[in-house]
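Pasting a structure here, questions to come.
We just call them A, B, C and D in the order they show up, numbering each chain from 1.
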Amino acid sequence: MKKSVITVLMLLPFVFCMAQGQQRNAPPSQQKQEYPARMTPQMTEFFEPAVPVIQPAAQVGMPPSDAIVLFNGSDVNKEWEDSKGNPTKWVVENGSLVCVKGSGVIQTKRKFNDFQLHIEWKSPSEVKGDGQGRGNSGVYLQSLYEVQVLDSYDNPTYVQGQAGSLYKQHAPLVNACRKPGEWQSYDIIYTAPRFEEDTLSFFTPPRVTVLHNGVLIQNNVSLRGPTLYIGMPEYSVRKHGAMPLVLQDHGNPVAYRNIWIREL
Amino acid sequence: MKKSVITVLMLLPFVFCMAQGQQRNAPPSQQKQEYPARMTPQMTEFFEPAVPVIQPAAQVGMPPSDAIVLFNGSDVNKEWEDSKGNPTKWVVENGSLVCVKGSGVIQTKRKFNDFQLHIEWKSPSEVKGDGQGRGNSGVYLQSLYEVQVLDSYDNPTYVQGQAGSLYKQHAPLVNACRKPGEWQSYDIIYTAPRFEEDTLSFFTPPRVTVLHNGVLIQNNVSLRGPTLYIGMPEYSVRKHGAMPLVLQDHGNPVAYRNIWIREL
Amino acid sequence: MKKSVITVLMLLPFVFCMAQGQQRNAPPSQQKQEYPARMTPQMTEFFEPAVPVIQPAAQVGMPPSDAIVLFNGSDVNKEWEDSKGNPTKWVVENGSLVCVKGSGVIQTKRKFNDFQLHIEWKSPSEVKGDGQGRGNSGVYLQSLYEVQVLDSYDNPTYVQGQAGSLYKQHAPLVNACRKPGEWQSYDIIYTAPRFEEDTLSFFTPPRVTVLHNGVLIQNNVSLRGPTLYIGMPEYSVRKHGAMPLVLQDHGNPVAYRNIWIREL
Amino acid sequence: MKKSVITVLMLLPFVFCMAQGQQRNAPPSQQKQEYPARMTPQMTEFFEPAVPVIQPAAQVGMPPSDAIVLFNGSDVNKEWEDSKGNPTKWVVENGSLVCVKGSGVIQTKRKFNDFQLHIEWKSPSEVKGDGQGRGNSGVYLQSLYEVQVLDSYDNPTYVQGQAGSLYKQHAPLVNACRKPGEWQSYDIIYTAPRFEEDTLSFFTPPRVTVLHNGVLIQNNVSLRGPTLYIGMPEYSVRKHGAMPLVLQDHGNPVAYRNIWIREL
């Protein structure tokens, strides 16, 4: 029975498009009785399409039933590789995945479009360096758009370069960093760009929402283009499809854990 | 030489993504000299991609060099057909294309996505009927989304059903109608919808701007779904690609002329 | 020193607007050396405006330092009242705030515009009724826009009426409900509407993101108008400013706890 | 009678918000008869609010009845002044308003928010200079956002600096220039920015549509910030309200005529 409802709905625009000539020609005496005519509650109650049922985790922050677990404390090679497709030199220590200086980035073997991502990170408890040199790494959405990872606890730097910034494009709304050596979480909602026919322009730009330790720090901001260290992002836009998630090697032993993603 | 510029630009995001580790590790003494450093004018001057050159018509309203002329006063069968793909029974009289009651809609043989459309129309000089029954026709963008054509000169009807409305969704900002029997123009800028993976939802809705006789009457409004005579448009959304332009037979001898379109 | 940076920045558009005549008139020989000229990293590094520092809670889900706590388990009368401004008849039991049938809604004494809201709710462990009659309540953003609260665990109803729907406008992306009697959380990011001059139209509509038990169920969706039980929301839009948060009495003893809000 | 319709509509959201408890508690036997229940055409036909009636000009391009005429060939001092509020030194010649080098900009005495603007311009028929040095002037929307005026007929320059560009932000879609010495038209639809509370960020950016000689060259593009000759527009955003329209003195004797504006 539900199927027939959907079928009728699918025909509606065509039916009425063609039939308007007749139906609208009803005598004015009938048409103008009451405008707008009164609706009933049932007219705005739809049962299709059905909403998928999933199981949330027992504890918020852990992966729900429909998540892809990208790292849960053990094998890194199942879901990740280095930029050349080889096993990474990043190491797993005490259930966390630690960047090894000079190993280069790691990226997922899977490619993603729109998603919800949960990732936890920790900068070293022993503070070394300052500014961009302290606890620096990064989460690259679709390989191109960086959410900055940095020890920004009492560590001034340029505002669109601190933890939780969309690097060199959007400073976070607030600095919600924990102390070095404490685990922190990013919950990221990502909408991939759609492209113009010319392949050099966004039809709609990438959009990013970030909660840092549960606090909203990026509210559906639009990106101007790929993350650049130097220059203007607008002029580096190139059409792309699904892309891996990338974690940056910036030379500091930043650790990651509890990484999961839900495709939207 | 221009090609090499583009090539370098294309590499930028990848180069910097990988190279940040080194470059950002410059000693603080060097980094903190001046923020933001002063730019020069030449840093925001780009020559690529080149902008296509076209020739505007000698008179605004006539087709520019890059337009597809859909009707210029003579042969209707070159670009149009009825809904079954047969020659239309609409007639060409004195250089204008006139709807013949009962002939059904006409549609372009070509299909379109985003476009700029110019179309001129005239309701009969002899006034017959009232409300929706006077000089009624319609321009269906991508076959589904109607810009209402109606003799709305001193002819009350429901506001989202008058001339220039997005039928049953958006009333025009103003009523800029000429008298019956006078030629009127619509200049329409149309952005086609993009769809979600589920194929039943807009990722971005259709957007429409309309100038009526040169006056802005719809300002980039979003549509909720296909035009419906009855019901809620949201629930009739179905994924589609390029679609013909359609002109409605609503039983009145509305005339059209000077129809051209530019694909965007 | 930082102030002077800001001051210079404020003058820039005016300075260049006026000065372009001179500066652009440089001899072509000087202008055309290199386009686009190479930038340096420091040109995209800004220290202003500063980002406020806040303290996240020790545990995600608890209020950060910049949150307004609306209910923490004890006094309900500090922040809430009934729709007439009187003390509510809802009761505090075991640290949770429970709806009492017939008491009517409760609303915050404060008024809000854009915000991040955390709220936890529990439908009765003893299941009674079905569909809209089981564990029904609601969180009204700005008093007008309802995020549905319902026991939707194995309890079919119309899809835009189940838990986490924007009532009668947007079904949730997934059903992430816990069992009756278990605490559940909503994390809501709300962007208030801005209005057109006519006061009857949105310039930008209300936008809502919801995470249900940590799972994204509404992704920055736009509302057509205020929540209606009957009819078309578009035609009930009326300009408003900051408004209270409202919890609905739908006749079921739904419980709430740990309610906090951050103004954006 | 119309008033009462509006009054009832205004009460709707509140009425239903409060009344849902009762109404939704109807016995399931009554509720589940048919979903969605069938609507009638009259339910989507509204007569309020009424649409204002205006008179279009006899010829498209001339001012409609609701336009403010800013220049019609004679007195320039009625609507315009220089940047200090004094009479301008620009001259009226043969019904057109000509820029005199060194006179500085001219601006309207009136201030505008959203608008539709028609303006015609002509670069000198005797070609002098090249690139930015030939027939250069500009239309500054709200004093801050420049639509470039330039003799771009066979005159290469950087693409976001040619005629019809949003200067240094958006190149035109096509180059639709007429020859030097011929009159050209811009039809501009402008949506002013709305601002965040911080006064340094756009809530929504300025948006601009431009038709050049009837050809769409800018399609509702967003601006990053005020027009800058040097630097990054994002960091010069400052909250503002209604602002004058400004025409630039760039040292070339560009002429203007038939300037009218409609507030939206």
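Just so we're on the same page, contacts are C-beta pairs under 8 Å (C-beta built on N, C-alpha and C of every residue); 3 or more make two chains touch, one makes a residue touch a chain.
As the structure is a prediction and not an experimental result, all values here were calculated from the model.
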Interface residue overlap between copies chain A and chain D, same or different (over half shared): same
Degree value of the rotation bringing chain B onto chain C, based on Cα positions, nearest 5: 180
Chain A and chain D, separation of their C-alpha mean positions in angstrom: 34
Geometric centre distance via CA averages, chain B-chain A, whole Å: 32
Residue numbers of chain A (touch at least two other chains): 23-24, 31, 35-36, 38-41, 43-47, 49, 158, 228-232, 235
Chain B to chain A touching residues, read off their complex: 9-10, 12-13, 16-21, 23-25, 28, 31-32, 35, 43-44, 46, 49, 83, 104-105, 130-133, 136, 140, 143-144, 146, 158, 194, 198, 200, 203-204, 225-232, 235-236, 238, 246, 248-251
Chain D residues within the chain B interface of the complex: 36, 38-41, 43-57, 60-62, 64, 66, 116, 118, 156, 158-162, 168, 171-178, 185, 187, 189, 191, 207, 209, 211-216, 219-220, 228-232, 235, 262, 264
Residues of chain A touching chain D in the complex: 5, 23-24, 31, 33-47, 224, 232
